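See the structures that follow.
Shared between the two complexes below is chain A, which has chain B as its partner in the first and chain C in the second.
Moving on to the complex of A and B:
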């Protein structure tokens, strides 16, 4: 049985400009130990999806579809019951470790809090467990970090503390929303290695959200590419990166400056990401797509298979795959 | 420009130290060694990229070159003149030759001014003798060259996306027809697809106007796309400096190699063994006699801890500061 099942998840947020459809019809199953990456630009709905899974959507948000964790329907739980799940069976690491840690509590106190709340350990056991967690996430000399305040730590150390908090109750699903975006590149490598190691060590399932194709390519088994609130391409990471199917994925890939190349022009995607409150009818990418036909503007594309477990939502998939000169760019 | 071959920027031993507030009345105040003995030269129509992690002094370098920050030691010449010894009013006129683009296009544009006014503002300072029609013409010209329309002049910053705002910021820097543009992380606040548009724009403007760039970035790939030369900084010092090709294909300093290695690659290669750097950048308030990178260096030897390496030539025009190269 899958650990997490998401069925036609849809999130709409009321905004001044109208209803922003932040997530549209996203479905997937996550097996034990599987790692899933969600990649997309700002405003593509990837963070809203994470918040929906955690039951942390802002007030007034309209959530539809099903979220099932280990056979338990999370949508049916009231807030009190959800509090027992959140941080316990499903945990999250946020992007900005400075603002997501409480500045007036010590690191130790913040790691021990979910432990005492969920696992029913006594203070001494919880203390010992906290120290071993801090050590596990690479905060050598855990006693010093136990009593330290967030401002005394560097960005990388804070993110390690966040990971210790998320790991404290042995969650089955770990959601990491841009865990390394605020960090320097050498520290980013250390944190990604840590996440990968603890995930495989504890047989957790991981949902890694990032705007960075490189981070996704190196960390996860399966990848979702999101655009305008919907998944436009999905598949096993090696397959997707070997055969980019959707024109948006192709464009995104070509726009990334890579270290292995000379001074030259980058291919760009014209225009900007659409407003979620004002999505075009038909394919949301049609306005920026060089292959768009009349039908693309009126008809919403369905997911079509491009290979085993690899599919993309594009009406002009054949033309896109044929013109995929991007794919060969390595 | 009449300064065809003269260097646009010539910096010699730039040093900037900050004094921290005293912790105790009797203790000597601590100092932050933000920039130590940085020398560099950028010729007209070329671009130099400065890369490094946070706290390496790259933004301090940008601010010192822009004369927004006094120097502790060293000399700087922009088009042959030293902005740090000028009187305020001469410096003001000289400033039209070097302009800056900031990182955050949401914070660097006044939300209450129209784009036309924002872009024209440097002209009010540097070329206030311009007639209103000429002034308007200049603004229109730069807006068009960065891909915006004349109609955008009456709009406000909030009506634009991040990428368009950064175009406005670039237009503002270009309006005085400067020889040098210092860009501090110009694309790090932008989405990938928009980042590529702005990087291409920077290249186009260089081809069109022959403008010189000093580009500060934490992202090696960004620098690689725009720059002819690269300087890698660590703890306020340049540790490697040379032509872009040389740095990227033949990096010699262990720090440069570790930085290059840490960048995630687009090909899915799981469990790639990174030459992971242990630990983090040390506190810049301390100095030790040895190499600043010694504590994190995988190749460290005993002489690295006692003696600071000088920049030595490893290939024509390519220098690195390491005892072991």
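Moving on to the complex of A and C:
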């Protein structure tokens, strides 16, 4: 049985401009120990999907579809029961370690909180567990960090504390939403290594959300490319990176600057991400796609197979793969 | 932390010095001669001169300022012209009423304001929220002396639950004394609580949007637990600031309210002293009120450091 099953998940948010369809018809299964990466530009619905899985969507959001965790239908749970799942069976690491920790509580108090809520440990045991968690995430001299306030820690240390907090109750699914985006490049690698290590050590399943293709390529087994709230390409990470199928994925890839290519203008994808409140009919990427035909603007593309377990939602897949103007880079 | 304390203490002393100069100058400039007030306008010139000498009013102003301040530093607060007793005795007696009155009023203010503010924020954009907002608007618009009179009419005259004024003294027992302070405290607290409830509400609403509140929810805390454990303390920082500022208003309010309820407190003392040109009492009591405001703000500064660990670290 899969740890997490997501079935036709759709999230709509009321906005001034109308209903923003932040997530559209996303389905997937996550097996125990599997790692899934979700990649896309800002505003493509990645974070909303994470919040939907946590049951923490903003008020007024409309959520449809099914979320099943270990056979338990999360959608059927009331708020009280959902509170027992959050931070316990499914935990999350957020993007901004600077603002995601409470400035007036010590690190220890914040890490021990989920333990006291869910684990049933006594004060002393929970204290000991907190210290060992802090040590595990690389905060050596855990007693000092236990009593420290967030402002006394660096960004990397704060993110380590966030990870300790998320790990505390041995969650089965860990969601990391841009965990390294706010950090220095040198620290990014360390934090990614830490996440990778604890995930494999504890046989957790991981959903890693990032706009950074490098981060995704290094960390996850399977990758989803999201655009305009929907998945446009998915497959095992090596396959996707070897054969970029969807024109959007190709563009995303071409936009990554390469060391050793000399000075050249950075390549970009023309246009901007469509307003989620005003998505074009047909293929949402059509307006920015050099291969778009008339049919692309009227017909919604289905997922088509590109290889084993690898598929993309594009009506002009053959042309895209043939021209593959940016080519594969592996 | 000790640097923080030392700095605050220096500010405390400097403020009191400034206040003493302003008070002294204001009373020098204001018309009204205590000697005439005591003897009457048609007094004999010789008796008038003699009294002025006795009161020390014939000495130069700078002299008198320093003997006033010097006297206070050595515990000599002077003697009241009208009561002919040491001011310190008068004040201590009156403080036994005004301090409990201010403390009860402040406590009522905080409990009502934080309770209502939290409730309104937690029920943002519902009937409960709007109700709190409408009532607080009324509260802000109420003059406290008028509200005090309404309270007397309803609770003392109509229901007969509380005395309509006067103070039996603490020797008459704690409950009778408290009973006579309750209505004035409510009258004082209403306006303050109305303002503070609004500050609390908007501060809580702002804090709720913070990332760490989402983190707390992601840990599995319920909405209510998040509000108490993670939102409230962060939201209190601006609330405490306003509370400190309001304390000065509260003391000013006691002057009026003590007169409405015929309470022999500090406010009533200073009011009568002004009417009688009892300048020694006026100077001492006004300086004492200033000191109380400064001390409360000092306590507020200390409270910041307790609430927000970042502040203590920055200053020390």
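Methods note: the second predicted complex is superposed on the first by the 324 of 330 C-alpha atoms of A that agree within 3 Å, B and C clash if a C-alpha of one lies under 4 Å from a C-alpha of the other, contacts with A are read in each partner's own complex, and residues count from 1 in each chain.
Please note the rule applied: a residue touches a chain if its C-beta (ideal position, glycine included) is under 8 Å from a C-beta of that chain, and two chains touch if they have at least 3 such contacts.
Keep in mind that this is a model prediction, so the values were computed, not measured.
Under the superposition described at the top, does placing chain B and chain C together on chain A give a clash or a fit?
fit
Who wins on chain A residues touched, chain B or chain C?
Counting residues of chain A touched by each partner, the higher count goes to B.
Going by the contact rule set out at the top, does A:267 touch chain B (first), chain C (second), both, or neither?
first
In the overlay, answer first, second, both or neither for which of chain B and chain C A:151 touches.
Only chain C is touched by A:151; chain B is not.
Please work out whether A:94 is in contact with chain B alone, chain C alone, both, or neither, and reply first, second, both or neither.
The answer is second: A:94 touches chain C but not chain B.
Does the superposition put A:121 against chain B (first), chain C (second), both, or neither?
neither
On the A-aligned overlay, A:218 touches which partner chain: chain B = first, chain C = second, or both, or neither?
first
Identify the partner contact of A:319: answer first if only chain B is touched, second if only chain C is, both if each is, neither if none is.
neither
By the touch definition at the top of the document, which applies to A:15: first (chain B), second (chain C), both, or neither?
neither
Tell me the contact category for A:279 with respect to chain B and chain C: first, second, both or neither.
Once the two structures are laid over each other on A, A:279 reaches no partner at all.
In whole Å, how close do chain B and chain C get at the C-alpha level once superposed?
Least C-alpha distance after superposition: 5 Å.
Which chain A residues come up in both lists, the one for chain B and the one for chain C?
Dual-contact residues (chain A): none.
Show which residues of chain A lie in contact with chain B when the two form their complex.
Against chain B, the touching part of chain A is residues 41-42, 154-157, 184-190, 192-193, 196, 211-215, 217-219, 237-238, 241, 251-270, 272-273, 330.
For chain C, which residues are in contact with chain A within the complex?
210-212, 214-223, 229-230, 233-234, 307-310, 313
Write out the stretch or stretches of chain A touching chain C in their complex.
For this pair, the touching residues of chain A are 54, 56, 79-80, 83-88, 91-92, 94, 96, 99-105, 113-114, 117-118, 149, 151-152, 162, 165.
Which of the residues in chain B come into contact with chain A in the complex?
Within the complex, chain B touches chain A at residues 53-54, 161, 163-164, 191-197, 199-200, 203, 218-222, 224-228, 244-245, 248, 258-260, 262-272, 274, 276-277, 280-281.
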